[in-house]
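This report concerns only the one structure given below.
Read from first to last, the chains carry the letters A, B, C, D and E; within each, the first residue is number 1.
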Amino acid sequence: MTWVYAVTLLILLISLIVGVWRVIQGPRLADRLLAAQLFGTTGVAVLLLLAELQSLPAARDTALVLALLAMLAAVAFVSRVWKVRPDSEDRP
Amino acid sequence: MTLLMILQSILLISGALMFLVGSIGLVRFPDTYTRIHALTKADNVGLGLIVIGLIPASFSVLVTLKILLIWLLVMLASALSGHLVAWEARAQQVPLKPSEGESSKETFSKRELSTKESSDEPSD
Amino acid sequence: MDTNLIFTLCGVGLCGIGFFGFIYHRHLLRRLIAFNLIGNGTFLIMVGFAQRGQGVTDHVIQALVLTGIVVAVAATALGLVLIRRWFQLKGSTQLPEDDAS
Amino acid sequence: MNLLIDFTLLIGILAIALTCLISRSLFRSVVFFILLGLMLAIGWIRLGAPDIALAEAAIGAGITGVLLLDTLGHLKKTGNLENDEPAPGRKRLILAIVSSFTLVGLLLWAVFNQPTPAINIHLLVTEAMPESGVSHPITAVLLNFRSYDTLLEVGVLVLAVLVGLALQTDQQAQDSLPGLPNPLLHACLTLLIPAMLITSMYLLWAGADRPGGAFQAGAMLAAAFILLHISGIKLSSQVSHRMMQAGLLLGFGVFLAVATSSLIGGRPLLTYPEGGAGMLILLIELALTLSIGLILLSLFTIANSPPHHKDQGGDHGH
Amino acid sequence: MNMILSPIPWLLVIPLAGAVLTMLVPYHWRSPASVVGIFTQLMASVVLWYQVTHYGPQFYAMADWQAPLGIALRADGLATLFILMSSLVASACAFYAHAYLSLQKRAHFWPLLWFLWASLNGIWLAADTFNLYVGLELLTFAAVGLVAFASDERSLEASIRYLYAALLGSMAYLLGVALLYGAQGTLSMDSLAETWHWGPTNQVAVTLILGGLLLKTAVFPLHTWLPPAHGGALTPVSALLSALVIKASFYILLRFWIEFQIYQFLPSLSQLLGALGAGAILWGGWMALRQTHLKMVVAYSTVAQIGYMTLMFPLLVAESSEASLLAYQGGILMLLAHAFAKAGMFLAAGNLIFCTGKPDLVSLAGMSRYRPLNIFAFGLAGVSLMGLPPSGGFNAKWLLLQSSFMSGQWWWIVVLLLGNLLSAAYVFRVFAYTYQETDALDTYKRPKLSLELIALGLSVGSILLGFISVWPLEMISLPGPVMEALP
């Protein structure tokens, strides 16, 4: 069973690296943030798998914390960064 | 390898693939709204598959409940952040497709926004 | 090659990258981020290097790293307070270039 | 297979860190910094350090990220988001490259010539665990064996707020940015905030025998406060200034009081009485959690209050 | 020795409790509460001094856990001397600040001062490398806060510079500590010294630690953050920073240097440190001569004086143990004399600036007639800095000179003499300005007498040190980890 976890983990890590592309590309602030959001969710999945793979139950708590904090960045972004100057785009 | 294990493997790997598809969608889709779509799909389905795949591995009810709770929270968070980003994107008149987004047809106007706000969901 | 060594090397890399950024950049926020990278690298080295030497999970060094993380977040927050105040007063995000001193 | 995972993480972390620093857009740097926190949390799990992973997830990826994002919004308000200042010169680049390569070279040399340590401190920890009052070694180190460090570290946190308050001379100054009037957000808050508070308490309680503890719990609490604050529900307008200050100092004060009480009994500073260690550690952690939550919230709000112009010239202070 | 009678924990508890109290009570009560604290603190220092001189070095196991597992504190002669020094100088600066600052400013000053004091005492007493890191960070934050709270542009810029330099310095230090821990498995300085072996890991660790601490001490050429920070802060803060704060990282450097016998590692390293010291003496003196603002003159003079202290490192290597003992004594005496003289000089300079209302040298015209007491205080401090007899500074330099002669490192003698000429030049330059006469006398303000007396007291202290030098030298020669490890 271990190798299934490992393969799953690897696919997830690869999908993380694909997601990095969107953060680099943009073109909008929002796109970068969405990619970060996906990172968070993938991170949760990775941590849940690691909890089984390394039999480290505390990894689930870490996943729980990540899940709860995942949207903090989104809210902060929408209310603080994006809200202030509507027409802004950041240059790539 | 029991049948359960095979089932588990299928669930886990298809969950991971779902994430990969989500990431690719995020890269390939043309505008912010459709990217939200890709994101939330991956979140809800991918993580869901992985969580269901992991349930047989955990022998305690509490652990099962905990990972289900994590899934629920992630769904809530991704729904909320997707909504917030889309909400703000519309309020700021982000065009549907930035590549040809200069035409005014494809942008929302402020007025439209205020009337439609409660009923109109983003493209997800 | 074990996990501890790999993450020690990762820490070394982070320290190098962070140190580069700390010297190269003049934007105060970027330098603060660079400082955080050095910090994270240091923490990885602390745990990875100690556990590699001891051969077991080392709880003492992990506790120290927790302390270090809290100190680093306090430093970052303090730095941000000062940067914002500076920005409010001067409208600039970097310090004036050093003169001959 | 494990090595492959570790290597992927190594590459990912270094790539993200590098992009974080060389990216021209400041916002991208901050997003990459948040991502780095996430990757590091995974890395800490790989290193068998779930306590640090928890802290990194809560503080590194959560609180620091929000602080940076918030500052970014602040700089952007006046059009300073982009790197519109002149790029550093070539001389600086060469200096930076040379010195960072020197550092990496030195560190690699040190790492690959590691001797076997003469002292195995973890044996001492295992030996002393029964007397520590808790069964999780990290909590034992933090709040019993090396509690003096922790006391000073909480002092550092308090000090950071203190400096912020000293700079913000108008005591009643409020965060000037409006909240986020989104109905769905506010509906979700009624679900999320209780979940966060329960998780915070869970982490605190877990600290006695499992990974968790006051810092992780405090960071979680702070995240809940900050979320409320951003959504427009401001804690600082609900409680009086004095109450807030008492809350900030509660953890440090309780810790110091417990530490000193042993002196009066004729025992060294920070010693717990026989059999009472578990209870006292829990008490300290409870107070610390609340204070850390409030301290991190204050550090977030202090920076937002409007500037204060006062009498010019530092040296005529009469 | 009964635990309850040991003043060691109280030296930490009183300032920490002082910080909490002064943050909680209303503004008007903060000064009285602090005055009580200052007196208990002075008392605890004196009790510690009594115990150490009568019963030998004191050791203290925090939380009753012995050293490699727990954190040990130790008060040997050196630590006790530094505790006495910081208690005296900090009290003087505190009383000065009470008279100098407005109520509002004072309210924020007290908790910052108490944290600063707690971290200083923590550092003097620490015997654990990681504990030193936390202590250094506490010190940095308090000092940055003290610089920043003048909250004008100049001090804000200085505080940001200071914060960044200090953070980088502590991180380098922490990295070194991490390597040492990985190599030896312990954080306690005593057990590190016992199991020390010079491998590549330890060499790199020492390099990082030295680098970090040199940056924090502002040794030339890493000094650029210091003059704006020390020159731009409020006067009592400048005095605290120059007299005490930079000494903390220097003290750690010194302890590492001797206790881990770093001087054995590479003789050229100590010569390099000496060269940095020489550079600091000449560059600092030269820059002090070129400043147009009074407090910047004093701040650059600190850069130069740090150079004199750094000169003790190459002299400590000497083959003859007598020469290295002389260097050690000379360096410590230098440090003590500088603490008093520099605090006195900054306070006197602050008084003069308050008088004229302008920070530059040109407006000092007529001051020697108008404020003779103040000029006298400035002059006495200058005498000690120049190293004229009779003063603490003279004795210190004399010891360093003797050590240079004895160890045959004549080139440091040249540096010492040149440095003296430069110090004399910048002090007399300030004097020259005060003797000029202009006709704009009516705009001057009169500072409180207490402010002038405090400045005078500190300066007299630095002169007095020349008469009682034997006493601190006996103190640091008490048996302890440093004396055992001296060559």
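Note that in this section contacts are C-beta pairs under 8 Å (C-beta built on N, C-alpha and C of every residue); 3 or more make two chains touch, one makes a residue touch a chain.
Being a predicted model, the structure only gives us computed values, none of them experimental.
Under the contact definition, chain B and chain C share the contacting chains D. The chains touching chain C as well as chain D are E. Taking the mean Cα position of each chain as its centre, B sits at the greatest distance from chain C.
Rounded to whole angstrom, the centroid-to-centroid distance between chain A and chain D, based on C-alpha atoms, equals 20 Å.
Between chain C and chain E the centroid-to-centroid distance comes to 27 Å (mean Cα coordinates, whole Å).
A straight line joining the Cα centres of chain A and chain E is 48 Å long. Look at where the CA atoms of chain D average out and do the same for chain E: the two points lie 31 Å apart.
In chain A, the residues that reach two or more other chains under the touch definition are 9, 14, 16, 33, 35, 40, 57, 64, 68, 71, 75, 78, 83. Touching two or more other chains at once are residues 15, 45, 49, 52-54, 64, 67, 71, 74-75, 78, 82-83, 85, 89 of chain C.
Shown for chain D are the residues that touch two or more other chains, namely 2, 9, 26, 46, 48, 51, 72, 74, 107, 111, 114-115, 117, 120-121, 125, 145-146, 149, 153, 156, 159-160, 163, 167, 180, 185, 192, 195. All chain pairs that touch, listed by label, are A-B, A-D, B-D, C-D, C-E, D-E.
Within the complex, the chain D residues that touch chain C are 2-3, 6-7, 9-10, 13-14, 17-18, 20-21, 26, 29-30, 33, 36, 40, 43-44, 46-49, 51-52, 55-56, 59-60, 63-64, 67-68, 71-72, 74-75, 78, 80, 83, 85, 88, 92-93, 95-97, 99-101, 103-104, 107-108, 111, 114-117, 120-122, 125, 137-138, 140-142, 145-146, 149-150, 153, 156-157, 159-160, 163-164, 167, 213, 215, 296, 299-300, 302-303, 307. Of all residues in chain C, those touching chain E in their complex are 15, 22, 28, 31, 35, 38-39, 42, 45-46, 49-50, 52-54, 61, 64, 67-68, 71, 74-75, 78-79, 82-83, 85-86, 89-90, 95-96, 98, 101.
Of all residues in chain D, only 1-2, 4-5, 8-9, 12, 15-16, 19, 23-28, 31-32, 34-35, 38-39, 41-42, 45-46, 48, 50-51, 53-54, 57-58, 61-62, 65-66, 69-70, 72-74, 76-77, 79, 81-82, 177, 179-180, 185, 192, 195-196, 199, 202-203, 206, 210-212, 216, 220, 223, 226-227, 230-231 touch chain A in the complex they form. Interface of chain B with chain A (complex): residues 5, 8-9, 12-13, 15-17, 19-20, 22-24, 26-27, 32, 35-36, 39, 42-43, 46-47, 50-51, 54, 57-58, 63, 66-67, 69-70, 73-74, 76-78, 80-82, 84-85, 87-89, 91-94, 98. Across the complex, chain A meets chain B through its residues 1, 4-5, 7-9, 11-12, 14-16, 18-19, 21-22, 25, 27-28, 30-31, 33-35, 37-38, 40-42, 44-45, 48-49, 52, 57, 60, 63-64, 67-68, 70-71, 74-75, 78, 82-83, 86-87.
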